[in-house]
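What follows is a pair of complexes built around subunit A, which joins subunit B in one and subunit C in the other.
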Partner chain A sequence: MRLLICIKQVPDSTTRVKVAPDGTSIVTDGITWSISPYDEYAIELALEQKDNAADTVVSVISVGGPRTKDALRQALAMGCDDATLVTGEGADTLGPLGIANALKSAIDELKPDLVLCGKQASDDDQGFVGPALAEALGWPHVAVVTKVAPSAAGTEIWKEVEGGHEVWKASGAAVLTVQKSEKEPRYPSLPGIMKAKKKEIPERPVTGVEDPVTIEIVKLEPPPARGGGKIFKDGDVKAHAAALATLLRDEAKVL
Partner chain B sequence: MIPPTEGSGALILAAVAVLGFGAFAYRAWKLYRYLRLGWNEDRRAHLGKRIRDELVIYLLQRKLLKRPYYIRGVAHAFIFWGFIVITMGTVDLLASGLFGLRMPGAESGFFVWAVDVFAALVLASIVLALVRRAFFKPARMHIALDGYIILGLIATLIVSLLAFENAGLAAGYLALHQATPPLADLLPLPYPAGVAGTVFAAAWWVHVVTVLGFAAYLPQSKHLHIVTTLPNVFFRSQRPRGALRFVDKIEEQKTFGAATLRDLSWKQHLDGYTCTECGRCSDNCPALATGKALDPQKIVLDLRDLLLKEGDALLKDSTATGTAPAHQFATKPDELWACTTCAACVEQCPVTIEHIDKIVDLRRYLTMQEAAAPPEAQRAMTNIERAGNPWGEAAGTRGDWAEGLGVPTFAQMPDAEYLYFVGCAASFDRRNQRVAKALAKILQAAGTSFAILATEETCTGDPARRMGNEYLWQLQAQQNIETFGRYKVRKIIASCPHCFNTIANEYPQLGGTYEVVHALQLVQDLIAEKKIVLGPGAAESVAYHDPCYLGRHNGIYEDPRAVLDAIEGVTRMEIEPYHRERGFCCGAGGGRMWMEEKVGQRVNHRRVEQILAAGDAKGERPTKVASGCPFCLIMLDEGVGAKGIADQLKPVDVLELVASRLADPAVLEVERATT
Partner chain C sequence: MDFDVPEELLLLKRTVREFVEGRLQPIEKQVEDDDKIPDAILKEMGALGFFGLPFPEEYGGVGAGDLGYCVALEEFGRTSAAFSNLIGAHTAIGSMSIYLGGTEAQKKQYLPDLTAGKKIAAFSLTEPSSGSDAASIQTSAKKQGDRWILNGTKIWVTNGPIADVVVVYAANDRTLGARGGITAFIVEKGYTGFRVGKVDDKMGLRGSYTGELVFEDCEVPEENVLGGTVGSGFRTALGALDIGRISLAAGAVGSSQHLLELAIAHSKRRVQFGKPIAVNQAIQWMLADSAVEIHAARLMVYDAAAKMDRGTRASTEAAMVKVFASEMAGRVVDRVMQIHGGMGYMKESPVERAYRDARILRIYEGTSEVQRMIIAEELLKA
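Right, the complex of A and B next:
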């Protein structure tokens, strides 16, 4: 079985993002870049298949500029077998449909049995590429997946639903978009890191990829600073409770 | 006295000697070959220190004479010194019995007297040891047949010695001008005529055969320590106690950490042979005391047992790997991850066994080779990689605590004398930010020239290294060393003992050598030099909790106490008996700060109980417990909260107490003059 995970490099969730002076982009200086968290869960899910069946091949692919290679190396360090970078001029600025098309042309060649993506990227939170890729490939798509297991007639897929999960079955190729699951993405072993450092990452040109929908960011602004809290000091506890109830009703409007 | 080996006696003695020493040599050779399966660690440097250690730790038995083991320590010292003297006597006996040669001085009054006196002391100590085993069994002690056999053999040696001396005297075997054994002389047993000679011969033979039997038995037993302690002390680690072993050229290693017995050094295996199974390490282990899987003695003995079991197979096939020590049992990883690296075991071990190094070598294997660290530990390491701190707080906010305080960064003040290395806890944890602010206030009051690195600072790597991630520690350390180099930093203040320890003791492994002080050392100097003046305040009783990485790892016991004592109105309370070198860990060291603690009692809860009990024993509970470590502060805060006594016992950092009393000397003088 060959699994392919499409990953995106995003500012790490520990990075404090700042809006650039142009008001439509972020300051990229000093940012730590990492694999989008849901994509990490997708990698973990795929590697678990490999843990259980050694003949499973796990590949990763990403679309982006040169620094995207770091994300691919991280995935290789975690235990993925090979990585492909779709790159070239304009790779950084492709819209989600463009990225789906770029991935499609690679997938046509790599011919995986299953494609996994995170359910959304942690930077723009659009959740667009996965379903768009399924559409482009003409494959079925299952969303919010937390578990995959091989079964007699294909693949069993656990899909999260309110208060539980549904088990779906795929008889052939499919695109799965992965949800956070209980099993945390693994920390790479040092032999893994060393091996990943030496591995070749083949590149595919992004030129000629169709990108029919362009998204223009009109404005970025940070959320309003949180206001200071209110502390009831000294005095009667009952009066505090009454004052709190009033505030919750009239000011916060939660009662 | 003439040995009873006339005629064929000498031949029989020679045969027994060959058997006894032969058995010893055969086993010893085997053990040596097993030991050499370990990698060839060079432990030859620091010859002077090694000789001093032999004198102090081996000959003077320094590490046996420790709280709370003074009586048994003295008893052991007598057995040990007695053994040395009596062994000389034994050499003389064998030499005279086999070849008719006498050891020089063997017939002197002094030597004969010494043999007898030590024989009596040994016998008394043996009785003490037997009574202790039989009736006052120490909780952690391994009581096995082995111990009784050894005590029995020693008792037989001494009793037969006194018996043949006594009978020899009665039979008139004392040579002319020969000194009389004083004690044997005091025991005049009424032998019928002619029997004394037979008793002399019988007791002499019993004595000599017991000696040879002892030699044969020795390397099969834990009593081998009488031989191995000598090299084990000599080759003990001369690294600072707080420094873990450096892995050079880590990127070129084939495997990481101790994957097999071959990946532990020969000295680690010698430790196993040397363990006396006394259980002092276990006695003092905070993890074991609170019901965790870890038992430091077991760590040492398991490795020894595995070596004895698989040694032959590993010797036979140089490609064989054997059982991975980190997976010797299914529960082994749990044992390894329970360690707080507090060094209570290392502190107490009378024969200088290095427990932490073994645990970390095995953790290195689990973490780096297998990527099998507990998930919370992996999260902490990922956070260090990505955010430069184990909590995963935004790296860009590292300097935010100092906003508005007038604390310069090195970029703003490149010629500052000191770098205040704030550390992750004081940078990001709200409680500990108050400690950083307190130190900044003190340094400003003293007019100390200092600056911080703010966002240019990153985690020292200490938690990663202690979780077994040597690689990540090296990356973090290199990054900090580069930054220090860029600003030509020479002097560093750390308020976190873990930062202090790794920068002071471990960064030199990567070429980063600085003058490093813990904040409390510096503050003690500032007080002594009257650079800061502390005003009066309310009377309060403050317990002092020794952080492991200040106390045991770095020997800083006095400075924090001196600072507390310099604060007017503060009465320092010692958390007896768990203070100073027996200080009990808060539970957060060794990377445990970021790992779940689900088994047994929480270590910090036990610590809070100890503080209360120490107060009760003195008739007054302290109202505060002061420490000098951000992790201790977090753990103690959690502890008093969980016990519902946060309003009775307030955890603080000593720095906060000092900062709250900072006074303007001029104003203080006026106040004092008017009252």
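Right, the complex of A and C next:
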């Protein structure tokens, strides 16, 4: 089986995001970039297939500028077999539909059996590219996937639903968007890192991206600074407790 | 000239950092209290390649070179010293002795299991009557037919109590001393006449084991003479100690950096006399002095390790970085405890553990005095 994971490079979750002076973007200087966490779960899910069946080929692909190669290398270091960078002028400013179309032209050639995406990227949380890619490819899409397993008639797909999961079956190619699951993504192995360093990452030009929908960010604002909180000091403990309960109910509305 | 971690090692550094923060820091108190690293963690570390960092891929190693190894150990410095101590003794002096001094057949036989962490190595030189004066070892090696017979007692062998493979240095001819009189042997757990003696109860380094190894007519096959040559053991030991000293310094840098970060955070948070203690110059200067020394030590580590990777001998640099970084670590942890006040003295604080763990750095792999001897000898020669 050949699995392809579409990954996005995003600011690491520990990054303190600052709005840039233009008010529509963030300051990217000094940011540590990572693979978007749900994409890492997708990689883990694919690598588990490889653990179980050695002839599984796991590929990764990303659309972006030169630094996106770091994310692809990290995926190689985790154990993926090959990586492709779709790049060129404007690659890092494409909207989600443009990215889906750029991925589609690559996938038409790479011909994987299954395409996996994270269910959403951790930076813009749009959750758009996966379903849009399925639409562009004309493939079925299954969302919030936590597990896949090969079966006689194709692939069994575990899909999260309220309070449990459903098992779906795909008889042919499909796009799965992957949810966080219990199995944490593996660490890249150190030999894997050194090997990934030497691996060639082929580049493909961005093609077929005409994007009928233009999404423009009008304004970015940091959330308001948090207030100082209330501290009950000294005095009658019982009265404090009563006051606290009232505040939790009426002000914080958590009771 | 570029003094930063090279681009290709950044992902390695980051991965080790994430592993240390994600897996090791959460259990460092447990390792301390139980005096044991959980087996599952050791297995995971082995699978990720943590036991074969500097060695080439052909022996199952990571191929990260000495610099890559030091960069990783710097990150391991950020948690309980049990981890860097285990890895250090296993890699830089135990396995490294085989890598530097072994025949191709010995390297092929032993290194793959060692680099994979399936077997643990130790380096055994010190004896009750031979510490700094390592060339005066008494453990004897006598040839008998196709085997060698070892007799003697080794002490303070890091990993000794758990090791599967021990590189043992013994005297084949006491009259010859360092040049020609000392031979290294690869001894496996289970060899007749070899046993683990007392396991030491140490001031720090809890979770890492150090102990006595006893050789009573211990039989070692001829093919386990390291490098197949009698009398060349001392050179191998010194070669392994070079990288041992540099990587020990790398751990000291990482540990000191981590402690400095703790002190910075504490000094901003802790309010006395109505303001954070960080606003006092007395505190600021302790932070600044620590940052200066850590920076200097880090550059010394990278320089010495990069020299080794280029194939340049760096024994003097190794001695310099060892003495500087280990003494620096002592000063930094002392300041960091001072900044933490009473809290730093308590077992619940990682600073208390770090204070005990830092002390050994000036003693093993050659005391500070021995490093100065090495440096001075170089300065005064010819």
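Throughout what follows, the second predicted complex is superposed on the first by the 248 of 255 C-alpha atoms of A that agree within 3 Å, B and C clash if a C-alpha of one lies under 4 Å from a C-alpha of the other, contacts with A are read in each partner's own complex, and residues count from 1 in each chain.
The definition used in the following text is that contacts are C-beta pairs under 8 Å (C-beta built on N, C-alpha and C of every residue); 3 or more make two chains touch, one makes a residue touch a chain.
A quick note: this is a predicted structure, and the numbers were derived from the prediction, not measured.
Engineer: Overlay done on subunit A, so just call it for subunit B and subunit C: clash or fit.
Structural biologist: Clash.
Engineer: Now for A:R16: first (subunit B), second (subunit C), both, or neither, which partner does it touch?
Structural biologist: In the superposition, A:R16 touches subunit B alone.
Engineer: Is A:R73 touching anything from subunit B or subunit C once the two structures are fitted on A? First, second, both or neither.
Structural biologist: After superposing on A, A:R73 lies in contact with subunit C but is clear of subunit B.
Engineer: Scan A:L247 for contacts with subunit B and subunit C and give back first, second, both or neither.
Structural biologist: Touch status of A:L247: no partner.
Engineer: Once chain A of both complexes is superposed, is A:L110 in touch with subunit B (first), subunit C (second), both, or neither?
Structural biologist: In the superposition, A:L110 touches no partner, neither subunit B nor subunit C.
Engineer: Which partner chains sit in contact with A:L190 here, subunit B, subunit C, both or neither? Use first/second/both/neither.
Structural biologist: Touch partners of A:L190: subunit B and subunit C.
Engineer: Looking at the overlay, does A:G30 come into contact with subunit B only (first), subunit C only (second), both, or neither?
Structural biologist: Touch status of A:G30: first partner only.
Engineer: Which of these subunit B stretches, 329-337, 527-535 or 563-571, gets into subunit C when the structures are overlaid?
Structural biologist: Only 329-337 shows clashing C-alpha atoms.
Engineer: Of the residues on subunit A, which ones does subunit B touch that subunit C also touches?
Structural biologist: Common interface on subunit A, subunit B vs subunit C: 32, 187-194.
Engineer: For a test of understanding, state which residues of subunit B touch subunit A in their complex under the given definition.
Structural biologist: 250-251, 255-256, 368-371, 373, 375, 378-379, 381-383, 386-387, 392-397, 455, 471
Engineer: Where on subunit A does subunit C make contact in their complex?
Structural biologist: Going by the criterion above, the answer is residues 32, 70, 73-74, 77, 187-197.
Engineer: Note which residues of subunit C are touching subunit A in the complex, please.
Structural biologist: 8, 11-12, 14-16, 18-19, 47-50, 52-53, 57, 61-64, 68, 72
Engineer: For the complex, give me every residue of subunit A touching subunit B.
Structural biologist: 12-16, 30, 32, 34, 184, 186-194
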